[in-house]
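Two complexes come next, and they have one chain in common, subunit A, joined by subunit B in the first and subunit C in the second.
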Partner chain A sequence: MAKLNSGSNFKKTFLVHAIILAALAVLPLFLNGYHQKLAVEAIILSVFAMSLDLVMGYAGIATFGHAAFFGIGGYAMGVMLKFLFPSLWLGLILAGFCTAILAFLIGFVSIRAKGIYFAILTLAFAEVVYRIIFHSYNTPLGGSDGLVGVPTPMLHLGFFDIDLRNTVNFYWVAVAFAYLSYLVCKLIVGSPFGSILSGIRENENRVPFLGFNVKWSKVTAFVLAGIFAGFSGAMFTAFKTYADTEQLNFLLSGKVIVMALIGGIGTLIGPMVGAVVITIFESVISTYFRAHHLIIGALFVIVVIFMPKGLLGLFARKDRNNNGS
Partner chain B sequence: MIDYLIYVIMPQVLHGLVWGTVIAFIALGLTIIFGLMDIVNFAHGEYYMVGAFMGYTVLGVIPNFWIAVPVAVVCVAILGLFTEYVLFRRLYGRDPIFHLLLTFGLGMMLREVAQLIWGADTRRVEAPVQATVEFLGMMYPVYRLLILGIGICVILLIWYVLRYTEVGAKIRAVAQDRTMAWALGIRVPLIYTSVFMCGVALAGFAGVLMSPISFVYPTMGIDVILRAFIVVVIGGLGNVMGALFASLIIGEVEALASIWITPTIAETLVFIILIITMIFRPAGLFGKAGER
Partner chain C sequence: MKRLLAVALIVVSAVLFAFQAQAANEILVGCISDLTGTYAALSKQQVDAVNMAVDELNQKGGVLGRKFKVIVEDSATSVSLATQKLERLILDQKVDFVIPPTTSSAVLAMMPVALKYNKLMMVTLAQSMKITGENRNKVTFRCFANGEITGKPQSKWMVKNLGKKYYIIGADYAWPRSTAEVYTKFLKQNGAEIIGETWFPLGTKDFAPYFGKIRAAKPEVLLMICAGNDAVSLVSQVNRYGLGKQMKLAADGSLVSADIIKAHGANADGIIIADFYVSSLDTPENKVFVKNYMARYKDAPSKMALSSYEGVMWVAQAIKQAGSTDTDKMVKALEGSTYKGPQGSKKMGPDHQAALEVYMIQIANGGQYKILERAN
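Showing the complex of A and B:
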C-alpha cells in the first residue's frame, strides 16, 4: 500500500504535492470570474467523487445513491447558515453528523443485499430522501424550489477571518478542504482498516477467516464515504448559496460514478481528476450545444465500454506494482 | 358503506390492476433481459417513452390508433436491435454495474434526442375508444378495461412461449448455463439479440398503450423505470412470476393508498415497501438467497 510517508518516496511525494498545491494556489490569478467559479465547483465535486471511491474503489461495493449524502450535507449546511448560526465550521459539523446518521441507517439496512441488489437498494433509499425533500413544500426546506438565500459565511480561523464572499478566497479554502480530505482518505486507505476493505473487494469470503467482521467494515466504509460526500455537499451549498433537489437526484448519483470511473477507481486521486474533467467538460460543451446531455450520455457510454479502468488506469497499475501491493 | 366500496374503492382497485399490468409489461422485459444476459437495463423506461412518442407521431400522419400501435412497437424493436448490436454486445460477461452505467448514459442520450425531435412539452393522445361501460354498478372507461384485457393476453402469451415452446426452452437453457447451451448448438448471440428486442418492444407497447391515459413527454420513462425496477427487485431479479406478482401488489398499493393519502406520498410508499422487502428478503420475494 502506498503510504504517504514511506521512506525514500517521502521526499518525492512531498515535492509532487507541493508543486500541485502551488500550481492550484496560483491558478485563479489567471482565470476570469466565471472560470474561477467553475474551478471552485470542480474542486468541491472532486471530494464528492473521491468519497465514492472509498466505498466503490476500495471496499468494492457499488452504490447508486451517493447523491443522497451530498444533498443532505448541502441541506444541513443551508439550514445551519440560514436559520441557526452563520458559521462554516458548525455547518460542516452538522452536515457530517446528519450524513453519518443517514449513511449508517442506509448502510446497515442495505449491506445485507449483495452486488446489484445493493446498488438498487441504495438507489431506492436515495429516491425516498429525494421525494421527501421534493415534496416538503410548507417547510423551511422549500420543497422543489430548494433552500434559497443561504448567506455565505465568514470563515473563522481563530486569529483571523476569511471573507468567503470573495470567489478567490473561497477557491483557496476549497483547495485546502479538498487537500485535507484527500490526506485523511489516504490515511484511511493506508491504515489496517483500508487493507481490510481491499481484502473485502478481492475476496469477501476469506476476510472472516482472518478474524475481521465484513459487515461492520463495509458499514464503516459506507459511513465514512457518506460523511465526506456530506462535507462536499455542504461546501457546495455554502458556495452556491442554495441547496436544491438537483443535488439529491439519482442523475447525480450516476454522474459521480462516471466521474470516479473516468478517473479510475481505487486510486483516490483518479476520481478527483475525473470530477474536475467532467465538470469542466460539461461546462464547456453546454456553452456550445443546447443538447449537452446527449454528449455527456455518449461520454458515459464510451467510458464504460472502452476504459473501465479510467484515465489514470494505466499509471495506477504501474504505481501499484512499484509499491508491491 | 356499500356506496363507498363501489364508488371509491372499486375504481381504484381497477385503476391499480390496469397500472399494475402496464408496470408488469415493463418489468417483464427488464427481468427477462436480466435473467438471460445479466443486463440491468436502466434505459428501459426510455424505450417506453420512445414507444409513446412513435405512437403519437404515427397518429399525426394516420389517425388510426390500431395502426399506430404495431408501427410504434416495430420502431422500438428496431431501436432495441440497434442498441443491443452496437453497445450491449461489447459488455457481455462484465459486471452488471457496467451495464447499469452504460444504460444510464444511453437513457440520457435517448431523453435528449427525444427532446430535440419532439420538444419538451407534454402531449396528449386521444383514446381510440371513448365509451364507458357500466361495471359492477359504476361507470368505467372501456379503454382501460381494454388495456387490462390486452395485458392479460400478452402475459399469458409470454408465459406460454417461455414454458411450452422450443424457443422458450432454448431461452431458459441459455439463462441457466450459456456455455453449456452454446456447446449444445444453441446460437446464444441470436437468442440474446432477439430477447432484448422483444423485451424493449414490450416496453414500447406499454408506452403506446399508456399514451392516451398518461401524458407523453421526454422524461416519462424515469417515473416508470424506477417503479419497474422496484417491482423487479421485490420479485427477485430475473424471476418472471415474482415480477408479475410484485407488479400487481405495487399497482394496487399505489392506487388504493392514493384514496387516503396524496399520490406523491403513495409513490414514496412504494419505495418503502421495497426497503422493507429487502430487509427481510435480500434477494427479493422469490429470489434464492445467495443469488447475486
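Showing the complex of A and C:
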C-alpha cells in the first residue's frame, strides 16, 4: 500500500480508494434487507478487527482481552442513547472516553509483563470487566439479560440530519466511519510513532538505545487500539439496539484475533477484510451446516498454514515488489 | 495455487451469500434455536417438538388450506447471531411467525426487531420476567412459564406445608437472582421469612464451605435455585452431607429438570418443586402426546418440548380463528384466547403471558416425578 502523500503514488492511491468507496456506496442497492443488515454489521466489525492490528500487527503485542473495549464502547453508547441523550456523537465521545481510561489502566498495569504473560493479564482484566457487567443485575445495565431497547438515534450533521433507523442510511454512515477510522489508523502507523511500534515488534531491546520509551509507546498503542475498538462497539450497539455481555466475552476476543489473522495482520486493511469474511461466513454457513464453528476453524487452520500473511498477503505481495519497499 | 484457493473461498462465500430459497403458499414457521453451545440438548427438543407439531398439523391438511413448513436457524447461543437470523427469516425468507431460542438475552434483543417488522414471536423456552408483563411488546407472546407462574403457587404451598424459615442458595447470575426475588416476595406475602442467602459462582464444584453457614442458620427449608452441572454438583453434595435430615429441601424446577434428572440418580429424591409439566401428567391429551413423541424421538418429552409443541399449535389455532397470517389479526386472535393442549387448558393473559396450571411435584424412587397435587 502506497503512502498517502507521495506524488504519483498519491494519485494511484486516491483512485483506488475512490473506486472502492464508490463500489461500497452502491453495494446496498443490490442487496436485500437481510444482506444489507449483515453488511452493516460486517463493516462495523471491520473497524474492531483493524483496531486489534494496531497492537498485534504493528507493535507485535498479543492481547486476549480486546473484546473488553468493544463491549465497554457498546455499553457506553447504550447508556448514552437510552438514559442520557439520544446523540450518536455524544455516544461515540463517551465510548472513546471510557475505553481510553480502561485501556490506559489495563495497559499501564499489564505492560511490565511481556509476550504471553501480557496476553494472559489482558485476558484476566477483560474477564473482570465481563464479570462485573454480567453480575450487574438490578442495575440499568441489566446484567446477563443485557441492555436492551436502545433507541437508534438521528445523526446530526449540523446542516441536516440522517435517520439511522433506515438500514441503507446506517450502511453509508458505517462505511464513512470505517473509512475515516482507516485513514486515521493509516496516519498513525505511517507516522514516526508508527515506526517506533514496528521497531518494538522487530526488536524491543534495541528501541531504547535509539532514545525511545518502549513502555509508553506500547501503552499509547494499546490505548489507541482500545479507543477504536470502543468506537466500533459503540456503532454496533447503535445499530443493533442492544448491548450484551456477549460483546465483552473472551470468545469475541478470540474471534477478533481469528478475523485479523485470516485477513492478514500488519496491513490494517487485512483484518478489515478478515472481519467481513468471518461475519458473512458465520451468518450464512450456520444456516446450512450445524458445524459452522468447525468450518471456520478449518478455514483458520488452512489460512495460517498456507497463507501466513492472510488472505490479503496473497494480493499484496506483487504490489510490494513493484514499490520496492 | 494459493491465490486460486483464496479466489475459490471468495467465490464460495459469494454463492452462499446469494443463495436464497422461496416458498409458495405455505405458512412458514421460523424456528431460531441454540443448536450449538450450552443449550444444544434442550434446543434439539425444541426443534423436534416444532417439527412434530407441524407434521401433525399437515396431516390434518394444514390450516386455511395451507400447509406448514419449518425453517430452522441455529443461533449458536449468541445474541448477535440470533438477531441476524431473525432478520434473515423475516426479510429474506418472509416467515409468518417465529419461535425464538432459549437464551433470554437473545429474546430480549430480538423483541424490538420483531416489533419493527411487525412479526409475531411465540416464546417457548426463555424465562426472563422482562419478556412479558409490563415490558411486553405487541408482537411477543409466551406459552412457557416465567418465575412468577411457578413461584407464586409454590411459595404459598411451601409456607402451608413445609415451614416458615427459608434459606436460599443459588448460582450468581441474573436468572437465579430474579427467581429468588420472586420467591422472596411471595414467601413474605404468605408470612414466611428469608433467614439467609448464599450466591455461588457458576461452575462451583465444592459446596461444603457454604453448608456450615446454612446449618448454623437453622432454616426449616433450603430453597435451591440453579441448573445444569451446578445443580448436579449441589444436589449430590447436599445429599452426601445429609442436609435433608436437618431441613426440608425445595427448589426451582430447573434444579431437577428432565435433561439432568438421570444425572442426579437417587440424590434428588425428596426435593419438592413446582412445575407446569412433567411427562407423567395423567390426562388423555398428554398420553397421546407422550406416546407420539416417544415413537418419534425415543425419549420422553421435557417441558421444553411440550412448550414448543403447544406454542406452534396455539399460533395455528390463532391463524385459523383470524382467517389469515396477517400479524395484527394473529395478535388480536391470540390475545385473551384459550388453548387446550397436552399440558391442560390455559388462557393468554393481557400481559402476553399464558396462565399455566402448576403442580407440586416431589422427586421420588430414584429420579421419578411424583405429582403431589395441583398448586393453583
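Just so we're on the same page, the second predicted complex is superposed on the first by the 308 of 325 C-alpha atoms of A that agree within 3 Å, B and C clash if a C-alpha of one lies under 4 Å from a C-alpha of the other, contacts with A are read in each partner's own complex, and residues count from 1 in each chain.
Heads up, the rule we're going with is that contacts are C-beta pairs under 8 Å (C-beta built on N, C-alpha and C of every residue); 3 or more make two chains touch, one makes a residue touch a chain.
What you are looking at is a predicted structure, and each value in this text was computed from that prediction instead of being measured.
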| item | value |
| --- | --- |
| A:L180 touches, of subunit B and subunit C: first, second, both or neither? | neither |
| Partner chain in contact with A:I101 - subunit B first, subunit C second, else both or neither | neither |
| First (subunit B), second (subunit C), both or neither touched by A:K240 | second |
| Which superposed partner A:E127 touches (first subunit B, second subunit C, both, neither) | first |
| First (subunit B), second (subunit C), both or neither touched by A:H135 | both |
| Contacts of A:T287 with subunit B and subunit C, given as first, second, both or neither | second |
| Which of subunit B and subunit C A:A18 touches, first, second, both or neither | neither |
| Subunit B versus subunit C as contact partner of A:L299, first or second or both or neither | both |
| Partner chain(s) touched by A:L38 [first = subunit B, second = subunit C, both, neither] | second |
| Touching both subunit C and subunit B, counted on subunit A across the two superposed complexes | 135, 291, 293, 299 |
| Touch list for subunit B against partner subunit A, complex | 40, 87, 90-91, 94, 96-98, 100-102, 104-113, 115-116, 226, 229-230, 233, 237, 264-265, 267-268, 271-272, 274-275, 278-279, 282-284, 292 |
| Interface residues, subunit A side, partner subunit B - complex | 62, 64, 109-110, 112-117, 119-121, 123-125, 127-128, 131-132, 135, 251, 254, 257-258, 261, 291, 293-294, 296-301, 304-305, 308 |
| Footprint of subunit C on subunit A - complex, ascending | 32-35, 37-38, 41, 134-135, 137-138, 142-146, 148-149, 240-242, 244-247, 277, 280-288, 290-293, 299, 302, 306-307, 311, 314-315 |
| Interface residues, subunit C side, partner subunit A - complex | 2-3, 5-6, 9, 13, 16-17, 19-20, 35-36, 73-74, 76, 78-81, 83-85, 87-88, 90-92, 104-105, 108-109, 111-113, 128, 130, 172-175, 177-178 |
